[in-house]
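A quick write-up on the structure given underneath.
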Amino acid sequence: MEDKKIITEISFQRLEEKETEQVADYRHSIWKDIRKEVLSNKAALFSIIFLTVIIIAVLLAPLSPYDPYEIDISQKMQGMSAKHIFGTDDYGRDYLTRALYGGRVSLLVGFCSMFITVIIGTLIGVFSGYIGGKVDMILMRFTDIFLALPSMLLMIVLNAILQPGLVTLIFVLSLFSWAQVARITRAETMSVKERDYVIATKNLGAGSFRIAVKHIIPNILGPVVVAASLGVANAILMESSLSFLGLGVQIPVASWGSMLQSAQTHILDTPRLAILPGVLIMLTVLSFNLLGDVLRTAFEPKIVK
Amino acid sequence: MSDTIRKQAELEVKNLKKYYKIAKGKSLKAVDDVSFTIYQGETMGIVGESGCGKTTCGKTCIGILPKSGGEVYFRGKDVHAMSRKEKFIFTKDVQMIFQDPYASLDPHQKVYDIIAEGIQIHKLAKDKNEEQKRVFELLEMVGLTAEHASRNVHEFSGGQRQRIGIARALSVNPKFLFCDEPISALDVSIQAQIVNLLMKLQKEQGLTMLFIAHDLSVVKHISDKIGVMYLGKMVELSDSSQLYSNPLHPYTKALLTAVPIADPDISRKRQRIILEGDVPSPVNPPAGCRFSGRCKNCMEICKKEEPKMREVAEGHWTACHLYDSKNEEVYQHEV
Amino acid sequence: MWKYCLKKIVELAVVLLLISFFSFAVIYIAPGDVSSMYISQEMTEEQKAAVLEHLGMDKSMPEQYLGWLKQAIHGDFGISLANRTSVTPQILSRLPATLLLMGTALLLSIVLAIPLGLWSGYKKNSLVDNAISSLSYIGMSIPSFWLGMLLVIVFTAKLHLLPSSGMNTVGVNTPWDTFIHMIMPCITLSLGNLATFIRYIRSSTIGELGEEYVLTAQAKGTSGAKILFRHVLKNTLLPIITLIGMNLATLVCGSFIIESVFGWPGIGTFAMEAIGKRDYPIIMAYVMLSGFILVIGNFIADMLYAFADPRIKRGIDSANGR
Amino acid sequence: MKTLLQVKELAVSYFTYAGEVQAVRGVSFDVEKNQTVAIVGESGCGKTVTAKSIMGLIKKPGIVDENSQILFQGENLVRYTKKQWNNFCGKECGMIFQDALVSLNPTMKVGKQIIENLDNHEPSLSKEEKKARAVEILKLAGIADAEQCLEKYPHELSGGMRQRVMIGMALVTNPKLLIADEPTTALDVTIQAQIMELLKDLQNKLHMSIILITHDLGVVADIADFIVVMYAGKIVERGSCREIFYHASHPYTWALLKSVPRIDYNGQTLVTIEGSIPDMTNPPKGCAFCKRCPYAMHICKEHEPSKWDLGDGHEVSCWLMDERADREGVPFETGRRVGNE
Amino acid sequence: GGSSDSDGGSGGGSASTESTEAGAFTMAISYMPDSLQPDTASDDYTSMVRPIYDPLFLDTKDGIVYYLADSLEISDDGLTYKIHLNENANWSDGEPVTVQDILFSFDYAGLSSGGSSSYNTINGQPVQFNAVDDKTLEITLPEPYATYVTTLSNRVLIMPSHAFDNDPTKVDDSGYFNSTDMATSGAYTVSEINDDSIVYKARDDYYRGNPEVETIVLRNTGSGSSRQVAFENGEISYMRVTTKEELDKYSNSDEYNTYSITESRLNYLQVNPNGPNKSVLTDEGRQAIFLALNGQEIVDAAYGSDELATPANSLLTPDQVDYNPDCAGYTQDVEKAKELAESSGLSGTTLTYIYNADRANMEAVATVIQQQLAEIGVNLSIEGLDSTSFFQRFFALTYGSGQENTWDLGTNGWDSERGTSGGQAASYLKNSEAWGFSQETVDLAIQANATTDAEQSKTLWYQLQDQALGEYWEYPLTYTNYVMVSQKNVTGLDASPIVPEFADWLSIKVE
């Protein structure tokens, strides 16, 4: 047999040393895993690219040759041209420039209220979930109420009552969104704190602070990041709704939402004015939503064998 | 009994009770009136079916769960009545190994951090260097290498994870180790590695162990003394050879014959006691002896009165009315 | 089970109470109040005080709140400050229009979401799935008022197919006419929920299809369609009940904006005006009504879910010792 | 014809984004009528995948190799259409799974789930007849109050009961073959003993063949007629029950037998198998067990061992069978069979 | 009616998009009124109830136009007013309109404002009423007060006392004005109150004649662009146009009629004497601001066309008899403004500017003013408020809302009330506390308003117009026109002297 021939040439001696390599030779962290997963997803890639582009564009808005606020009646309502890529608005201001400045406001509101929301929500959630008992019950009832409130309505009421503006907007948006995050983080904390590794750490004599910081927070970070991403999306949408109702930032500053509001008067004659900010809102929100969802799958516990 | 007197009791459990509140006015008696003593350097095994309260018993013994009644003394100190400081020292002396190697390691930590945590908490190392040295030492002790320290836990297989868990437990130089079914989640081929490792470590470090398993063969292999639990109660307690050669309680007998034997000839020939039905719910345990519903030798009294644990032969305790006559004095006294 | 119901009802009452207190507080703190509508510069101090007393605004906040609460429990939400008529009948008369719109939008989103979500989940990663998923993502991300604007431009201004606003053509009181008027607001209002539901049903379907019991059914020789409809459907749709309860909030709030975009004669537009006029009794009543709809929606969803899912029903019963 | 099922060179791969997972790599075995075949091996070695292939349950991204053959009463199942599979599954062959709780639809009454099998395969029966059949099979499966049991939901039953329901459900159509995938792993020893007794009992009564999958050799010692030992997607050894237990000839089988402490022996040190199973996306060139084998030779690393037939259907794939092998310290139970080729 | 597009394509759809019955006149409203009580709140509301309630008379630049009343006699000393009601004036339920109804309405106004209303009190002193007979009322004022004519004219709508047994406390919460049974005094009666529309039907016993248009529909069209869409879709008969783009579009199309009617409205910029920055808003500071502004540019940017608005030169409007067309107004002088801003310490400060966001073009005005003030180094923090909050701030002192220190600059507009009296202007100029004018100006205004002699009145008002501007508190911005566009088949909208109320419903026609 041909087989035999080869065999005879090869030693039947025992292998002297065994390879001790027992660990799979890939080295990576969970974050790298997630990065890989996110980058391998087309939708996520689109979101990241779009968001990067929009954020850079918005940051570089001052490089535009036009002043976003300077009124120039002679340039009123110019159509799209090489000079004004998206034309001008009813005050003769370059629309693209305004949209970029508007994006700053929209994104700022989105990010700020997300940050506040996430920080407050996480603190309350982790605290409540970790302490448990009566404190938890009281905090959660409190959270429940915030969840049961007709938030949009109260946002409108509050925004109308308080002096409208950027700070109010962020405050109001955060006020009505932290509860969601608190719920999520509490549930996660409750589950994490019962896990064996937390019990093990406790049994090593670790104090609550150490456990919270070293074990609970890192392990609930996934859902928090997801909530953050969806939170930005939500805040931007809410901001646009409020601004649309005229409760947003004040002139001459604009956000995408308030640009839509101003565009309303011209919607039949110059729909262009409504299209650009609308599309920007949609794509940005879409990107954050997509990103949130991809992150959610990426963070989902994987069976590692 | 001169032997036992010379031995020092490491863990003394007296009438330990642990009830879980499950609804208003309802409780689940996970552990009900269990007593045993583990002496220094000894390994005690606890076997029983799923849900009979083994884990609960162990966790209550080492103070992870609060008790509902009874007492637990570790080296003479009441585990459940320690001051903060005492408790802190206690955590250094008593460690636990968990059943699920996947759930018991923080997925966001590196192996090094996991093992070093105990050292940091108890300040067992003077500086970083010493800490590192100690971590590497521990890794080697459990059959891993220093190179593994920088890796993430999810790169490891179940057996390796269990080794990491053991290293974590050993990092604070404990005197007492509670192993909660440390091998049942592992593959057959890996189980032996862990059992051997634990036995080796026990010998080297002079550990006292409480070893829980539902697999009787493993328990027999590793323990000096075995307790059999059924529905929150200890039904038989004896040293291991005696338990296997001469089981007293009908449940123990059934349990022993139910264990599969990897030998067709023996397996096919032996007389098996196949129990009827399932373990009843611990929320509404049957009156009298808890095993009465499934017991072939069930008598009238079994349904009415709970049997007490008594020493039937030297060092061999059981809670069964069948053995009442052999111990008439006690029996009459009780009635 | 009844105990559970009762417990939930008590919880619900507490939440409503707290909502009322919260909104009352917000409004109380809010600058500017109604008295300005009644007080003029020409009035003497006594006259002003009399007006305040008449409006009950001379009392402390807790007193005012308790007074309000006592009335509210009897269904009396006070007198509108703007037009000096009872709030309750005004709200009630507008409620049907809103409920019609919300109900239809909810129904529309459920009726569309179930087949689309199931289909999309069943054909995971196929062309159909990608199309449905993309649409639902866009649906989630599009500002509803903007969509409303676009729809109006296209279907009314350009194509002259649909009426721009309102609920009826004056003098035409046919269901068909109402239907025509409802198309755009309904689409706009339901889109967000539709998207959420589709995505949820899709992922739930995928999840359920991956469950072991599906394998068991296959091992019995059950065909794909049967598995989908006999086994997966129920398990997929059960959680939807809760989701719907939770998403009522979106509907209530959404109707607020959508109603004003389309001039729908419901409580949304009404409340919007009230906010503009600082007509606090109406705002309070509306907040309470919305809160009530939300809380009741959640409650009904909880109940339905508990009754429909044998696992939970039993869990509850055993927890109550039955 | 005595042979009910012939599996020939079955190969299954999963195409995941980490690469191709070769879950099963050329597995062949026969199942005779009324025979119990046990497939033993550690986690991930491809037992379940083998069983699923026989039931046509391999789903994307898994693909059964076209050249594989699964002959059921002479018919090749691999080429079956969906419809044919639906007729085959449940009717000719029933399957039960490890965890009965997740394998039963949580929101459907147990009775309905059992009767579904009859709906699929014996639609001509009336409702009452179907119910009667379900009651009958549950009684056979050892459930005393079968009628009441039909009206219950899975979570209302205990673990042992659930597994009995699963068994009843699989057997209600009188299939010729029952595939039991680790039916007792999730259960306690006493319940496990009950279920194994039940399977034996049912086999006698219903005259079916059983493929029993497990990772514990002890479990099959008193039920299996024939044992297949798998490692990393391949069969390393197969033979009759006695042959495997008393004349095991593969280092992996030895380790499996020795690594678990036995209740009837005292004080032996356990044989350990160091290391873990190889990565199936990139299976080793030679013998898959090579890295963990204490007797591994250079050749094992390079070449896959061929099969040695030791008679009576006992086959081993191990280079130790070659007469040139270095057999120092190899604990063959009987020298007779070694190098019999 | 209906749009000129014919879209026979889709049966059901097109049917519903057409306007209502032929011959109906459809008005867009932006909200559903809570009731149709003829109590006035806003312009919108006034125009809604106008078809069903007639005023006593209207005071216009061209003299008084009589409705329910057929004569008004004012004694030479300006203290006694004698009103005689039209003998034929009647309610739609057949009852005659009587003096009792007037007194009842005045009583109700007093009741709902806590005792004193502008009808029964002048400068804190009571007005005497004396019913001479069923159709004649004699009113005696405590002091001469020219504005009282306006008080009696435009906004007082008479309620049927007989429906309430002459008890004004029964009005509130009676639901009377929410039903189709209510008695009306105007050319129409209420025939339907729907969820989103109200239908009026022409009366056949109206004392002034029979209206051409049989049906009037008030239709809620929602916010934003939907009114325009509804108009183009033929769903409403006319709408107001507020931007140049719209105006150009419709006036260039021969499918529509456009009308431009002066609104006799003054939009102005007010400096708040009680604002947070009052310390820098000194004479110089205010002057700096006013000199920095360019009225023409504001009109150009915010309105885009003289047809929509013209720059204002005085605090009176051209519709007022005593308006001085040659009043100089303010002229932009940026250089001087900068200097003054510098010297007054104004430059570099941020002022709070409020405007009423519910009013057309006001946001645009704010935007331009913000730009122009930026030139002299003054920043504006602009807040657009809804009417209610705006008024609470702007008229903080009047309302006693305590918010007078929350703004520095604000734009508002007033309806000059036309005709012979100083109207709104007088009441502003008289209030130094709220609007900053000096005591001399206040005295002059009181004097001017008390004068019944036309010549003297003119002299005083001419003087007052210049003097007020010289104090730099109010900057007259624009005189606005009410520009309407209607469907081609609608005519007669411009026949009414007052907009947007369509004072003369008899002249409107729909073919």
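Letters A, B, C, D and E name the chains as they come in the text, with residue numbers starting at 1 for each one.
To be clear about the criterion, a residue touches a chain if its C-beta (ideal position, glycine included) is under 8 Å from a C-beta of that chain, and two chains touch if they have at least 3 such contacts.
Protein identities per chain, from UniProt: A, C = ABC transporter permease; B = ATP-binding cassette domain-containing protein; D = ABC transporter ATP-binding protein.
Quick caveat: nothing in here was measured; it's all calculated off a predicted structure.
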Taking touch as defined above, what minimum step count separates chain C and chain D?
1
Following contacts chain by chain, what is the lowest number of steps it takes to reach chain C starting at chain A?
1
What pair of chains is linked by the largest number of C-beta pairs in contact?
C-E
Taking each chain's C-alpha mean as its centre, the one farthest from chain D
E
If you average the CA atoms of chain C and of chain E, how many Å lie between those two points?
39
Hey, how far is the Cα centre of chain D from the one of chain E, in Å?
90
Taking each chain's mean CA coordinate, chain B and chain E are separated, in whole Å, by 89
Gap in Å, rounded to a whole number, between the CA centres of chain E and chain A:
48
Listed in rising order, chain D residues that touch 2 or more other chains are 43, 274, 276
Which chain A residues touch at least two other chains?
22, 24, 160, 264, 267-268, 305
Show the residues in chain C shared as contacts by 2 or more other chains, in ascending order.
31-32, 149, 153, 157, 260, 275-276
Name, in rising order, each residue of chain D that touches chain A in their complex.
17, 43-44, 274-276, 279, 290-291, 295-303, 306, 319, 322, 324-326, 328
Which of the residues in chain A end up touching chain C in this complex?
141, 144-145, 148-154, 156-158, 160-162, 233, 237, 240-241, 244-245, 257, 260, 264, 267-268, 271, 274, 278, 281-283, 285-286, 289-290
Using the touch rule from the top, collect the residues of chain E that touch chain A in their complex.
224-225, 228-229, 232, 242-243, 245-246, 249, 297, 300-301, 304, 357, 363-364, 366-368, 370-371, 381-384, 386, 389
Chain C-facing residues of chain E, complex:
3, 5, 7, 10, 12-14, 16-18, 20-21, 24, 26, 31-32, 34-35, 37, 41, 112-116, 121, 124, 172-173, 175, 178, 192, 194-197, 199, 217, 219-226, 229-230, 232-233, 235, 358, 386-389, 392, 397-401, 403
Contact set on chain A toward chain D in their complex
3, 6-8, 10-15, 18-19, 22, 24, 40, 305
